[in-house]
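Labels run A, B, C and D following the written order; every chain starts at residue 1.
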Amino acid sequence: MIVVMRVSSKESEINAVKSKLEGVGFKTHLIQGVERIVIGAIGDKRALPSLGIDLMEGVEKIVHIMNPYKLVSKEVKEKTIIQIGSTSVGGDIMTVVAGPCAVESEEQLMESAKAVKEAGATMLRGGAFKPRTSPYSFQGLQEEGLKLLRDASKIYDLPIVTEVMNIKTVELVAEYADVLQIGARNMQNFDLLKEVGRMKKPVVLKRGLSATLEEFLMAAEYIMSEGNYEVILCERGIRTFETATRNTLDLSIVPLIKQTSHLPVIVDPSHATGTWKLVAPMSKGSLAVGADGLMIEVHPNPPEALCDGSQSLTPENFNKLMQELQSMHSLLHA
Amino acid sequence: MIVVMRVSSKESEINAVKSKLEGVGFKTHLIQGVERIVIGAIGDKRALPSLGIDLMEGVEKIVHIMNPYKLVSKEVKEKTIIQIGSTSVGGDIMTVVAGPCAVESEEQLMESAKAVKEAGATMLRGGAFKPRTSPYSFQGLQEEGLKLLRDASKIYDLPIVTEVMNIKTVELVAEYADVLQIGARNMQNFDLLKEVGRMKKPVVLKRGLSATLEEFLMAAEYIMSEGNYEVILCERGIRTFETATRNTLDLSIVPLIKQTSHLPVIVDPSHATGTWKLVAPMSKGSLAVGADGLMIEVHPNPPEALCDGSQSLTPENFNKLMQELQSMHSLLHA
Amino acid sequence: MIVVMRVSSKESEINAVKSKLEGVGFKTHLIQGVERIVIGAIGDKRALPSLGIDLMEGVEKIVHIMNPYKLVSKEVKEKTIIQIGSTSVGGDIMTVVAGPCAVESEEQLMESAKAVKEAGATMLRGGAFKPRTSPYSFQGLQEEGLKLLRDASKIYDLPIVTEVMNIKTVELVAEYADVLQIGARNMQNFDLLKEVGRMKKPVVLKRGLSATLEEFLMAAEYIMSEGNYEVILCERGIRTFETATRNTLDLSIVPLIKQTSHLPVIVDPSHATGTWKLVAPMSKGSLAVGADGLMIEVHPNPPEALCDGSQSLTPENFNKLMQELQSMHSLLHA
Amino acid sequence: MIVVMRVSSKESEINAVKSKLEGVGFKTHLIQGVERIVIGAIGDKRALPSLGIDLMEGVEKIVHIMNPYKLVSKEVKEKTIIQIGSTSVGGDIMTVVAGPCAVESEEQLMESAKAVKEAGATMLRGGAFKPRTSPYSFQGLQEEGLKLLRDASKIYDLPIVTEVMNIKTVELVAEYADVLQIGARNMQNFDLLKEVGRMKKPVVLKRGLSATLEEFLMAAEYIMSEGNYEVILCERGIRTFETATRNTLDLSIVPLIKQTSHLPVIVDPSHATGTWKLVAPMSKGSLAVGADGLMIEVHPNPPEALCDGSQSLTPENFNKLMQELQSMHSLLHA
């Protein structure tokens, strides 16, 4: 940590800062500049929030040198590969989690599962509990939906990824699902993060709509700090001024995460763009920037979907896209 | 709802859209323009998400005419005044909720309560459960903190506002608190919104960091749709590219809410700006744009605070500010 | 400047960085931490961009300690008051620049000038050259408009503020105007900034739609570095995800500027909000946060305006607002 | 255009709106809903800004159906291919404009030109006039730089792309350059757009840092409305809250433009990310989402660059990247 003092600061003020830092175990170094005085402090940053150095007399600002995360960092591990049933995420396999936004009925789900399996998806997605902006929108089939997902999983040999929305249903969802998904709106629902951190199931953690890279990694750190190290990060668009797409897919975070963390990263172009016509190009773009895979909405009949039909691919379009993605994956891993 | 068809759309496509709309009870009107064809549909928008009109052949886009919210709207009520103990929010009284970020100890809380009471605050704030970006930061005194708040409330005759972070603790918090607070990160934690919607306690709902006006109002609609009509909206800064302040306090949302909804609105300049030096001017600005009150962090000794000391006022500064705010409130309500 | 080295960096790498810094006149100080090595460099930051330290082996990142601006800084001057005819900006007078978006005709301008003068405005605004998003929109009366402004100025004894859009017309506009305005879209039109920097007329510099505080101040620095020290900063809304207002008026930048710079600051709530119903509350809010004044659009007949009628006040509404603003100004300067 | 009237609006108010619309040649259609009354107006939207309908009594809001642009639209043309010397943009060739941020010296430029030519770049970039945030930064070699670019062009048979910053130097730059570049900060410098619109040279138009798709296309419309139809759009990152990259590269605008306009689109990952380590993945991503090409900074010795060294590739890294891009281009155009 670097403490920048005003050049007009008094010796007593400088000494007060040094004493406080040394009192909690930091070693300090004074650098006297022409227009500023700088105190370098060597020690463990995480003890610091309560120090209140920035409010002391003569202090202009504080600059933190260390990142606040630890377990997610590439400094502790090179690469995490997560085994899920017979597939894996983060290794050489191209992960494609596909399926409908919401589980609507047995027929709709089975048709979706069959289609995505045949096209080469590695996991099945489908919402049983749905977070909806309006209380008047369809809220999901709940446990009935979980059972249908389990059935589909058996029939089509596809691990299930489904969202868990609150701490009361974590155990219920974990009974049926292979992978627990934390939605974007819950990325900083810290109690929920801790709860899934105590489960022995991999977690797909979606980036919050206005989460920075650091906050995204800190949310993963919450899960990992409870003992669950199997976290898959998922970029799904951030909020910007641009209204031509629902959100702005931030693909540059993918290589940034790869340079910073050992965790796998997938991309959800369906929710990010909000329109199926952009799903194919943005899926290819996601692989090209280095994502480990994708999460794509597929519905047997998008115009009849109870949720997010506009962004869902038909089985035909999904099948066509999968072929293009496989070529691209081969090229990138040649 | 307005459906815009491409000028090249076929008669069969236009008829298909009309049939679908009429099939769910809409009346339709066709307007033939030079470059576009428009179908006006009259009916209840909330049945619509499942129609999938935007995916039908020949459709260019859909324009919604009605707002998605209902109970929060000024169309149903002119003004809501919420009685809380001997004070109220939304009427002629200037609401000031003040106190420390987190309850740290009996001494710290009592000192804070005494100071804010003497300066004229109408309610006491203090966090017992703290949502923290880092799992390694102080997480709050929990039930012990709630008890201290209750004690302070009795001694200083101040209603208590405190945050509830998850559905499991809603009842516990409601036992001790006079007003339940939903934090910005939980603004779209829909299960939590429903749960506090079933309580008989007023709710302070903080705007999410990237929530639009419409989403903010829809979150209030969630609470109200469960039967709890006592919702106080709280602007606390949104996320923008500007890094000189922690967030950007969006004061224009205050008069906008006043023109759209009957609910009271308060402003939290402490969290929005992240620095105590901006709290006084932004508090005055909040009243001037029409806010019903403020939520301000006050700590007896900011440099020693376990949480957010940088944005906390000392009792002296708070006292000085309160005098300026009272003059401004008098001027605005003269 | 602080150079953070990786803990794994070699002695040769550290020495290379030190040599480079010392080679251009910096003094260096080495701080050896447990997980990082830090090199503090004392010297003039502005020589640095070409050093490329961040690309040297072993370097993790660079942290700048000094601000890049100088002439605008409060460190060189406490407060700037700009005399314009018989009025001034930045002192005790409440500055109100009012008038139509565009000069449309003699009648429209004279009526506007009369109305704003009677209500107490201190300067007259009106666009002769109009920057329009669409090439098909009204582009202004140009020199004819400037002449009308000059006439109105004489008749109503109001200094003129009008926009200059390009370097070719700076001299022309300066012949007629008392204050040159740089529009938001030109805030980083550096050649234009330099050109007005060579004029002997005060400049109203509008903040760019996505300009940070630092960039805003650097744009003022451009003007001042050419010798023109009379710069009035004008906040006019930034771009965020919120669509309920045209832009988001960032009032917190007003006290921030006051804490950082000696230059006067005014606020334009008309362009920021895009709707006249928000102009009155946001004007009062602007004064309350410490602005030196306002820039407000007034049109004798807003529904017939050739430009931005939606955000223009009628003379009646402007007159009513001015009375409220005068009361608030009195209160704030009591 | 659709005018939404309040349900409480009087017949006289509805008639007033109809009369006004019909008075300027619109045909109107009235749709009476339960909660709203809608007036559909058929006619030319571009006559409308001065109508002030939104300010008339009883009007709730106005919804525009038509896009404001025309010449850039895919409705007038399927695809534009621009011939530049022996290369072209927008067709089957992968466009790669490469070279240093700024022309610094003959040696530096020739070395850069040689390197990018050998690696397969199709055009040479290099700034002679540099827009810099700080007036104290290197501002470019100006005409001397243009001459060096011309020389390099001849020797290495590479068309030149270089920025023109103001209307006074458009002719000068056009004498030397093959393609005129409009920088992001000048995207809404409307006089400059018109000026390059009168030239007979292709234009690379960079997206403004906070420009929406519509504003970006309208800026191109400005150029085209003056007669110059050879516009190449260039995405270069937008401003968001994320600080881990300099800007956020919005790759989804590439397929969106392809669906909306006939103009070619290239991407500049160097300026968008601000760090050379992200240039390779984001370049591949750009091709994968459908861009016609790239603009990439290459410098023979990045740590010594006078401008933006951090984001420049070395000739070796650029060469390696070009091979990967060629494979990807082949795959995508197979």
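Everything that follows uses one rule, which is that contacts are C-beta pairs under 8 Å (C-beta built on N, C-alpha and C of every residue); 3 or more make two chains touch, one makes a residue touch a chain.
Treat the numbers as computed from the prediction; the structure is a model and nothing was measured.
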Pair with more cross-chain C-beta pairs in contact, given A-D and B-D: A-D
Longest centre-to-centre distance from subunit A, chain (CA-based): C
For subunit A paired with subunit B, centre-to-centre distance based on mean C-alpha positions, whole Å: 26
Computed distance of Cα centres, subunit D from subunit B, in Å: 38
Between subunit D and subunit A, distance of the C-alpha-averaged centres to the nearest whole Å: 31
Contacts with 2+ other chains: residues of subunit C: 210, 239-241, 243
Residue ranges of subunit C touching subunit A (in the complex, touch as defined): 2, 4, 29, 31-36, 38, 40, 42-43, 63, 65-66, 239-241, 243
Residues of subunit A defined as touching subunit D within the complex: 210, 212-214, 238, 240-245, 248-256, 259, 272-273, 277-278, 281-282, 284-290, 327-328, 331-332
Interfacial residue positions of subunit C with respect to subunit D in the complex: 46, 49-56, 68, 131-138, 165-168, 185-186, 188-192, 194, 209-210, 215, 218, 221-222, 225, 239, 276, 302-307, 309-310
